[in-house]
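Note that the chains take the letters A, B, C, D, E, F, G, H, I and J in the order they are written out, and that residue 1 is the start of every chain.
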Amino acid sequence: DITLLGRSEHRLPASPDEAALETFPNRTPGRNYTIHLSAPDFGSLCPVTGQPDAAHVEILYIPDERCVETKSLKFYLASYRNHASFNEAIVNRILDDLVAACAPKQAIVRGRFVPRGGIQLTCEARHPSREIPLEWPAASLSTPH
Amino acid sequence: DITLLGRSEHRLPASPDEAALETFPNRTPGRNYTIHLSAPDFGSLCPVTGQPDAAHVEILYIPDERCVETKSLKFYLASYRNHASFNEAIVNRILDDLVAACAPKQAIVRGRFVPRGGIQLTCEARHPSREIPLEWPAASLSTPH
Amino acid sequence: DITLLGRSEHRLPASPDEAALETFPNRTPGRNYTIHLSAPDFGSLCPVTGQPDAAHVEILYIPDERCVETKSLKFYLASYRNHASFNEAIVNRILDDLVAACAPKQAIVRGRFVPRGGIQLTCEARHPSREIPLEWPAASLSTPH
Amino acid sequence: DITLLGRSEHRLPASPDEAALETFPNRTPGRNYTIHLSAPDFGSLCPVTGQPDAAHVEILYIPDERCVETKSLKFYLASYRNHASFNEAIVNRILDDLVAACAPKQAIVRGRFVPRGGIQLTCEARHPSREIPLEWPAASLSTPH
Amino acid sequence: DITLLGRSEHRLPASPDEAALETFPNRTPGRNYTIHLSAPDFGSLCPVTGQPDAAHVEILYIPDERCVETKSLKFYLASYRNHASFNEAIVNRILDDLVAACAPKQAIVRGRFVPRGGIQLTCEARHPSREIPLEWPAASLSTPH
Amino acid sequence: DITLLGRSEHRLPASPDEAALETFPNRTPGRNYTIHLSAPDFGSLCPVTGQPDAAHVEILYIPDERCVETKSLKFYLASYRNHASFNEAIVNRILDDLVAACAPKQAIVRGRFVPRGGIQLTCEARHPSREIPLEWPAASLSTPH
Amino acid sequence: DITLLGRSEHRLPASPDEAALETFPNRTPGRNYTIHLSAPDFGSLCPVTGQPDAAHVEILYIPDERCVETKSLKFYLASYRNHASFNEAIVNRILDDLVAACAPKQAIVRGRFVPRGGIQLTCEARHPSREIPLEWPAASLSTPH
Amino acid sequence: DITLLGRSEHRLPASPDEAALETFPNRTPGRNYTIHLSAPDFGSLCPVTGQPDAAHVEILYIPDERCVETKSLKFYLASYRNHASFNEAIVNRILDDLVAACAPKQAIVRGRFVPRGGIQLTCEARHPSREIPLEWPAASLSTPH
Amino acid sequence: DITLLGRSEHRLPASPDEAALETFPNRTPGRNYTIHLSAPDFGSLCPVTGQPDAAHVEILYIPDERCVETKSLKFYLASYRNHASFNEAIVNRILDDLVAACAPKQAIVRGRFVPRGGIQLTCEARHPSREIPLEWPAASLSTPH
Amino acid sequence: DITLLGRSEHRLPASPDEAALETFPNRTPGRNYTIHLSAPDFGSLCPVTGQPDAAHVEILYIPDERCVETKSLKFYLASYRNHASFNEAIVNRILDDLVAACAPKQAIVRGRFVPRGGIQLTCEARHPSREIPLEWPAASLSTPH
């Protein structure tokens, strides 16, 4: 299933529609454990102005039968580079694509976007959805502070 | 509904009464997710002395049917710049205006004001109101520390 | 009720007995919200040696009918400057005086004293008292660094 | 000469043209010593868009016969709050006004503006002007890091 | 009961067996409040190699009838300086001695030892013992980070 | 049982199969207390490319009858240096080997790997496994940040 | 001369060849002063692998007759986003283009690229070139750490 | 000459006029070496308003025949606690008193005062006075950052 | 000349004798500019004990005719992984090999080793050698602080 | 010459008179390079009160014919543990002993002592002695900040 790891680099997919999240079997499916993937240099385009947006994107999940392969994740995230989408839509789509690819027991996706107009936006979505107690986001381990 | 994004900049509203928080439809209303908006350069005036106050204002909410558009939020917050109001009143009003504009499932507003007379004041209000366990505020992701 | 704000500065009270915490009406008493007051440059005297102690004093409370006015708080805290008292007694007294002045729904007072003899002492008291799960103090928003 | 210190607060001047930097005599004019004044919450307006700019303004100088009085400096800096001016012009004008007010032996003014469009601008001017070796700015003592 | 505070300094006790933790009456025994004592420069000896160990030792407790006097604590902790003991034993003994001295309602002791062989060890013990949910230690207020 | 501590250094084991985690009796088995072991300079090899991986590995556990001896842990961790294994497999194996060696009441192992391809991976596994509430990892006390 | 500031946003230029650095007259050309421009979210492509590179690009210069307009700089820097070029070539080209656009008295350009293969590269070039004493780069004011 | 060290604590002198800086002989007068004394909790009073000022005071000097005894320095600095004086006058007086007490080869005194009215003031004076190149203050080792 | 970049990964060389630093032509040889290469995860072995050492290795140089290719540098540095050598010898050899490979105008190599026995060692060597003013090392841009 | 490295640990020497700094030949004596040794957990006793002092001791030197062996340095520094000496005397003696042991081309020793009575003392001495420009100490690479 894994087509990218260990080979020479490939061209970037032009959009998330053209990219694929590859997976590999989880070898300890009986144990609930977490995988945290942190991509501090995510880029996209603003759908209104066409200008670049930059963000720190993080994924945290508990795998079920399959895990996300990180090299395909790198290509998947890079496919947003010239893709125009609202910040909130990006975070929700990454979560949807992750769930479709590996059906994790639980997952959270967070995107922390660099300030525009003096205001910074962070969006965070969780699967499965539930009534969550609202609390201020804390810096994760991979925050470049 | 959105009148500001993608156009040339406008003049600042003279007070929050003249400003409007615009909204757009939440595209994933079935999922509980959070949006964190952080404005580290908020300004207002002291109603007693007329002197400038500075604050870091943050909003965290779970959208229901509509989301706040960030460019109108920028104008809304800038409308306090020459508006005289007590710190506690500012935080409570921003929460009231947010709730009136987009009726979020949950919301918190926090204003961290720069020290006056050697004392720093931080005010935080939550919607819907509830018995909250009192605990020291922790630094959020966007705190400029 | 408020006699200090907006006037020229006054002389310091010689001790907390001579100082008064002034209050003003809470305009949103129906909502539970928090006010955090942070005074990083508190001073007092050691009752045994007469030497100066320095501390970072913080107050966090949920107002009920009345709020503490910050300029009177500044004078109240400054009244400890030449007052000899043990660290634990200072924190408990500030909490008692706060409760007496504005009868908050909940309140916490914390004093973090600079090291003496290579040992740093932090004391924290809560109103109303209750069985609290003991856990290490975390840095609050107003921690000076 | 000093009209502001120790009195009740006054209204803000509407622009730097209406504000005045007051001074007092330097009591140790025979010694070269430095005074560093740091104002982390400076505000102004963009002359093209009318939007607020925020900056950290710092002044460092060696007094000759007179020193700048800090309360008048507070009012002077606050007078830029609703004044439209380019970043570079603000820094150069503050230096010009400082030199006109107290004729220091040497002076530097630096303004570090919050990012606009993802780019942060810092401007620094020195009196008297001279061939300076260009080197990256280092964090000063008052940098809010 | 207090023999050390306010007198000239004494010689160091040669081991914890020779040292005593002195106490004084808790003046607000009806209120549950916490006292945090942080000693960043603790020293001991490795029982196998005889080499010095260094640690940051912290105590957090809720007093019942009596509080620990900090000058006797300084001498007590200094008594480990030439005492050979394993890291885990040191933390458990300090907790035992604290409980014996003042019978606190609750107490935690933590020792964070400097790395040996590239591995850092932190030990934390609690009184009364209970099933605690295992979670990563967070930096306390007095952590010298 | 302890063969390494206090002797001259030995050669490194070539793989975790050749290494052994030694233990010693827990002297306070009646008390639930925690031991945190932090190894910021862990190394391994990527099983696909053969390139070095670097990680910060942490172990946190509540001992039952026996504790892990830290010098054998140092050798055990060093045995991964030329061992090719996936990040997730390394973390799960360290947990399995720890449980086999000392049967702790509870244990967590976390490996924070340095970025590859701009993405950082952190994996965390817990014994006994259970339904854990998914939340962002926070920096532990020994994080070298 | 300035075509971008104050208008609605434009499309991004496809490469630095298509972008232009606009300038405006320096109003205090008789004074040597510095302008520091910091762009923490620069992106480009690796010419060998086609993969995205990310960098923090900084410009520091002493203007002569003209200053760089920051909105055109934003577009100029964004034009590298899909442009394949080596790190060293990017830094040298930005310096060349800056010198061609505004002929500064002095200028430095620095690009700090995110790690690839565990190695971080920072390149810094200066105009006019000269024998510089080699010394380790220090963190500038705008360093995002 | 040394009257304070090793005895029980004394009462605080009421002003710097009543305090004395004690000295002891420099044992290595043939070597130029530096002594840095850092007092992060200095207090004084504003001569106009009577309100407390707080500062971090630092002394750096090269001793000649005599060194300053630190316990007398502690009492000397504490004598400013209820003394009304301008910030600039405090720093210049400490330097004068230090020079009178021990005639150092060189000395610098710096006082970094906590913000008043949103402006922070740092004053630094040097003995012997000389034409100094004006440059931004950098954080010293003892800066509480 | 460049054999590694853009291909699949290769096996690690067993020692620096088997590794080669590849170079490419400097395209702007007429300009003195700097390249800083920072490798925070360097590993080697202690020649006496056989135990792993870890270090942060940095290279700073001004290229003349040729630049170092970073992928070959990665392999070159990884070749020390199982190579036994003293800290000082490693730093001097890296400098020698760099000079042999690309004959830079100037170069500095620094290795900051993790503590052994509670003492941290940093070694720094420069080409060409010269009388350097001894001063404390400052944190470089890539220091992981 | 080297008697300690690679053997089992020895007993600590009781004072610096009983300890010896061992050396080994410098293999690149023709090159001026620096070695920085940082010992953050140094301990000694106050000669007046007998109480423990703690310090961060650093050595920086340019070796001539011989280098200091770090394991003997560890024992040498540990010999101060129960040795009563003034802070200034400790720093000057370490420099004297270093010069006697290996006759470096240049050397600096710095001791940063933990605060006593609210005042922190740092002493720094240099060999050979010379007229040094007095400037505030900056944080070195190994400062634990």
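The rule is short, and it goes like this: a residue touches a chain if its C-beta (ideal position, glycine included) is under 8 Å from a C-beta of that chain, and two chains touch if they have at least 3 such contacts.
Everything numeric here is computed off the predicted structure, so don't read it as measured data.
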| item | value |
| --- | --- |
| Chains in simultaneous contact with subunit E and subunit I | F, J |
| Longest centre-to-centre distance from subunit I, chain (CA-based) | C |
| Pair from C-J, C-E or H-J with over half of its contact pairs in common with E-I | C-J |
| Most widely separated chain from subunit G, with each centre as the mean of CA atoms | E |
| Cα-centroid distance, subunit B relative to subunit F, in whole angstrom | 44 |
| Where subunit C and subunit G are represented by their mean Cα positions, the distance between them in whole Å | 50 |
| Euclidean distance of C-alpha centroids - subunit A vs subunit I, Å | 35 |
| Euclidean distance of C-alpha centroids - subunit I vs subunit J, Å | 27 |
| Where subunit C touches two or more other chains at once, by residue number | 6, 8-9, 40-41, 49, 51-52, 54, 114-115, 117-118, 126, 137-139, 145 |
| Complex interface listing, subunit D residues touching subunit H | 5-6, 27-28, 30-41, 58, 60-62, 67, 70-71, 73-74, 77, 106-108, 110, 126, 137-142, 145 |
| Footprint of subunit C on subunit B - complex, ascending | 48-49, 88-89, 91-92, 112, 115-127, 129-132, 134-139, 143, 145 |
| Touch list for subunit F against partner subunit G, complex | 51-52, 54, 114-115, 117-118 |
| Footprint of subunit C on subunit H - complex, ascending | 8-12, 40-41, 43, 49-52, 54, 78, 81-82, 114, 144-145 |
